[in-house]
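Note that the chains take the letters A, B and C in the order they are written out, and that residue 1 is the start of every chain.
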Amino acid sequence: MHSPPGATLPGAAMPIYEAIRDLPIVSPHGHCDPDWWAHDRAFPNPAALLIQPDHYVFRILYSQGVPLADLGIGPNGKDRDPREVFRLFARHWPLFLGTPSRIWLEHTFRQTLGIATPLGPDTADVIYDQIADLLTTPAFRPRALFDRFGISALATTDPATSDLADHAAIAASGWSGRIVPTFRPDDLLNPARQGHGAALDALADMTHRDVRDFADFLDALRNRRAAFRAAGATATDHDVPTLATAWLDRGQIETLHAGAVAGTLSAGDANAYYGHMLTEMAQMSAEDGLVMQIHAGSRRNTNRQLFDSVGPDMGADMPGPTDWVGGMGPLLNRVGNDPQLRIVLFTLDEGSYARELAPMAGHWPSLRIGPPWWFHDSPNGIRRYFDSVVETAGYHNLAGFNDDTRAFLSIPARHDLWRRGVALHLADQTDRGTLNTAETADIARLLAHDLAVDTYRLEAG
Amino acid sequence: MHSPPGATLPGAAMPIYEAIRDLPIVSPHGHCDPDWWAHDRAFPNPAALLIQPDHYVFRILYSQGVPLADLGIGPNGKDRDPREVFRLFARHWPLFLGTPSRIWLEHTFRQTLGIATPLGPDTADVIYDQIADLLTTPAFRPRALFDRFGISALATTDPATSDLADHAAIAASGWSGRIVPTFRPDDLLNPARQGHGAALDALADMTHRDVRDFADFLDALRNRRAAFRAAGATATDHDVPTLATAWLDRGQIETLHAGAVAGTLSAGDANAYYGHMLTEMAQMSAEDGLVMQIHAGSRRNTNRQLFDSVGPDMGADMPGPTDWVGGMGPLLNRVGNDPQLRIVLFTLDEGSYARELAPMAGHWPSLRIGPPWWFHDSPNGIRRYFDSVVETAGYHNLAGFNDDTRAFLSIPARHDLWRRGVALHLADQTDRGTLNTAETADIARLLAHDLAVDTYRLEAG
Amino acid sequence: MHSPPGATLPGAAMPIYEAIRDLPIVSPHGHCDPDWWAHDRAFPNPAALLIQPDHYVFRILYSQGVPLADLGIGPNGKDRDPREVFRLFARHWPLFLGTPSRIWLEHTFRQTLGIATPLGPDTADVIYDQIADLLTTPAFRPRALFDRFGISALATTDPATSDLADHAAIAASGWSGRIVPTFRPDDLLNPARQGHGAALDALADMTHRDVRDFADFLDALRNRRAAFRAAGATATDHDVPTLATAWLDRGQIETLHAGAVAGTLSAGDANAYYGHMLTEMAQMSAEDGLVMQIHAGSRRNTNRQLFDSVGPDMGADMPGPTDWVGGMGPLLNRVGNDPQLRIVLFTLDEGSYARELAPMAGHWPSLRIGPPWWFHDSPNGIRRYFDSVVETAGYHNLAGFNDDTRAFLSIPARHDLWRRGVALHLADQTDRGTLNTAETADIARLLAHDLAVDTYRLEAG
């Protein structure tokens, strides 16, 4: 599963893998920038492409004492020569041994960039030049890469108040690539977020509603959801640090909404408000069909010094435990029995796979379990996931794969790693006599492609 | 371990398995209905036998949008044709791929019912007819199946206020099968249960004690325990949603008891009362020798709409985390050093195996670890169990196997799956050189048979 | 991995193991008694050497009903004949099947003591005599064994108020073995510990400071740290039952210090005080270079009857869950970005490996993850550790191996088991194509030796 590009898999896994290896890539959740395909400009340089935007990569160097500024990150790093950054990265390449980042990067170097030379201090310059040259060619523009990667659909993640101009530009361009937005209303719904007040103002401006009024606020949200659907969106996404959905009576929620607008809620009230709003979102999803994604349990920006000096997304977001049964209870008891509603749950707390998520997905008609998220999108993470969820939830209550990345070039590598993981898992099942060859072929295709299409309602173009 | 009936196991596992495959089945904990053997009536039809009573099975269909009423479950389903129910089940049979339910059902179809045809939409009717015909024959009556399955002892689970009439009828029948009751006093001890008041009334009636008085209440409980022992019981069973045993002083518990009788306790006080009563039960077990079983951490009936409209046991019970060390502390510090006392602990929180249960069982003379419970009674669940508990607790602090089922026909399949899991685990140990062949043979027999007999004190007939 | 001494490992693991098997042993954390090497006296008898001081061993017998007094432990056991104790142990030897204690003891019997006879009731006496004879010979004195085991450095764990006389005696002896102390200030810093008041008095005496004054108290701590460094210490160690570091303002901490000195703090305030003092220790480590070890999550002496009648360390310490991200937050936000500071974290909550410890170590420059601790120092525990931490933290954020034992004779066995575990893990990686042969050789050496030297700053003699 860790295998390098081209490597064979043992025993029964290889034919299973070969049958799904070249299926189209469905990427229903991720953080690529739609601007890339709207304008199809060349990527600037190897460091800006591969290192600086990828906190999976630079966090490892930081953990071993490399200052972020030396990597050209943050205000103190803004004049750093990208070639120097790439050299520094190459010198620390052995730190990545054993990590999925190394597998993804090697796949990118060899398969996508065609570089046969192993990376190291002595080869950093020549590899830098090779990549820099490639980036000037038409074949390495965003649209050409998208087509070459065989991506049939890719979802970006967009603030609810985005004007979706990049998506409009893509649609107007005549290019055939399918890039859809995802409705992400966290800034509007969670008063604990820094951008909450500004987002409310933007919402009021865009929708011409008095968002201080709760009914108007809900209406404005419906309005934005409709705009996203019109732009091709099939899903919403919610980042929930501490999962505790709620259903408050109308008087209570109106009072909290007034506090949220005024910015005066306590931390507890803010979380109760957000918990209620998630249930409102689920109700809207039951009406308009947008698939609801809940990513729960990430404690954001735990390194305050770094956050204050450089900003968010610096590798200091840390997973925490999540009470899925208790946390989802109020929402599910409001709308969870509706088979038209679809909710995909993502956890960072692997202990909850077998204990909570698999039993929940094996019961509630609305639920599916998202693939291993973030640090768990790795060979062992994928193995633990199948080990823990399938026996209780079956395969049809899973959501297929997401790459969830902002590192565009890693997309084929991530899907390849997943497909290898699927093949290894299913080969184990045939070795034990559970599944026969026809069954494994069906399930492999489900996991590699069909479940993602079905879960995210991406069938129609 | 997932292997279908008759399938071989790899390498050293096969001879280990073959040596234990045909040992008598000891079933010291489960939920079969003693009425079956008391009256030995034919089972009504395939749907009523295999689908409708088994929430492991119908929950998977429900999770994919099949209404329970269509399966003949609940008030809206009561007139459903069982053949239609079976067809619906057959159509959704692929949903079970990868689940232990599929392994158990396939074992039941092939081994017990002798059906070679694979199940599917096209074969549903012919298989339905085959099973329906079999159920009319003497060989498929409850007692004949019990004998054919090679069950040496089977425990049912019975409310403390049961009159044990079915067990008396079995004893009086002259049939040789050993069916023993298990003392389950949850309704008497946990004021949070719906049936608490009615159970107290029934206890007062049966024992002619004034159960409003705490000393009389304890005496009435002793009286019922004695009645159960006289009917062959060797164990008690306790369902503990939130484990927090306690030992209160006499004044406190008498006050709480008055509140419990009056039905006026707060949720916190009700749990404190139940926590104290568990310690009382442990003390009585130390006196009368009944093995105490604690099943902790199941959050019951989390789907309120289903509970209100259909009832309990609809697949919406959900596991939760359990603090075993803290939760058992007061009870163990009262009686846990007594080697005559035996307590078997069952968890739904696999993270507690290596962290808490194995260290506890490796220290306290009274404790043994129960086998994987509920969703974890599965190939990977069994593997994770051995992986997590043996190194710290050894084998002799385990309790052997329970099938814990109300699906009588699945009993041979469940024990077979466990025995395959034992063989695979032990073959791993020989591959690594830890255990030699003689040692694995001894331990295999322990795990498949002897530990269950010894743990549950089922030696004497 | 479970393999007995001399056993081969499968496939690619054997050559990896052979290349690291005979590397010097680095033992940077453990609980051996420095008195052994200071005075180099013969060990008294087999029971006192192998059974009575080792709670890993006697807890298993206790868990199956053997009274501790029968093993010569506690006030009621003090006149027990050691030969009888050894016989009792031999009779219960099968209880250890599947446990690492059995692997360690078999390694000790065969490799260190040269005993070929399998242990059992019939051989207990002859083996007892063999060991007793060996213990009278010069080759089995502490210093000779230390040299024969190939230990390049061994750290003991010493109260902060130790006079380090044994270490001085070793240094003065001319013997070349490197035994260094470790600074353990728990009794001074955690007001919940029984010895807190006496330790403060001892500190005042040794340092001639008025430790009632907070500034003087800090100065006294610095003084003891300097004394430890002068005696060769490179590390501190902290036992933290409930991890919650803190940084209080000066007024608050001075108030709490007054309460700590007076012995009047509530449990909550005592933990806040200890939490602050851990941050003070981290700041001192950033200054003086002592590596900070945090062992968190052990609930001590959970069997009160045993604690009251026999004392601590009787096998009743029980692991619990730990919130690493929240618990370390205040400390890390104070000093965690300093790459000169080194903190090693040890957990008993394996669920935190992938969820918290690996992401933290993969970010904070100061952090490394300690090896599997206590019950998890076992074949499967080692496998789960590598499985859970490497993909997210890489190899360079690990701390290598600790044996953490007070059972001196088990040290070679424990390091051998780790090295086998390393080889099995790395062989898996080559099988999957992740690592090539040169890379596995490098990493094997890192994990078996170099990382421990580097993490604990043991390079210079």
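One rule holds in what follows: a contact is a pair of C-beta atoms (placed from the backbone, for glycine too) under 8 Å apart; a residue touches a chain by one contact, two chains touch by 3 or more.
Model, not experiment: these values are computed from the prediction.
A.B. asks: Using only the C-alpha atoms, find the rotation that maps chain A onto chain C and quote its angle between 0 and 180 degrees, to the nearest 5.
C.D. replies: Superposing chain A on chain C takes a rotation of 120 degrees, nearest 5.
A.B. asks: Interface overlap for chain A and chain B, more than half of numbers shared or less than half: same or different?
C.D. replies: Copies use mostly different positions to touch.
A.B. asks: Distance between chain A and chain B based on Cα centroids, please, to the nearest Å.
C.D. replies: The mean C-alpha positions of chain A and chain B differ by 40 Å.
A.B. asks: For chain B, which residues are shared contacts with two or more other chains?
C.D. replies: Each of 351 in chain B touches at least two other chains.
A.B. asks: In their complex, what parts of chain B are in touch with chain A?
C.D. replies: Answer in residue numbers: 1-4, 7, 10, 59-60, 62-65, 94-100, 103, 299, 302-306, 315-316, 318-321, 348-351, 375-376, 378-381, 384.
A.B. asks: Provide the residue numbers of chain C that touch chain A in the complex, in ascending order.
C.D. replies: 323, 325-326, 329, 332-333, 336-337, 339, 351, 354-356, 358-365, 367, 387-388, 390-397, 429, 431-435, 439, 442-443
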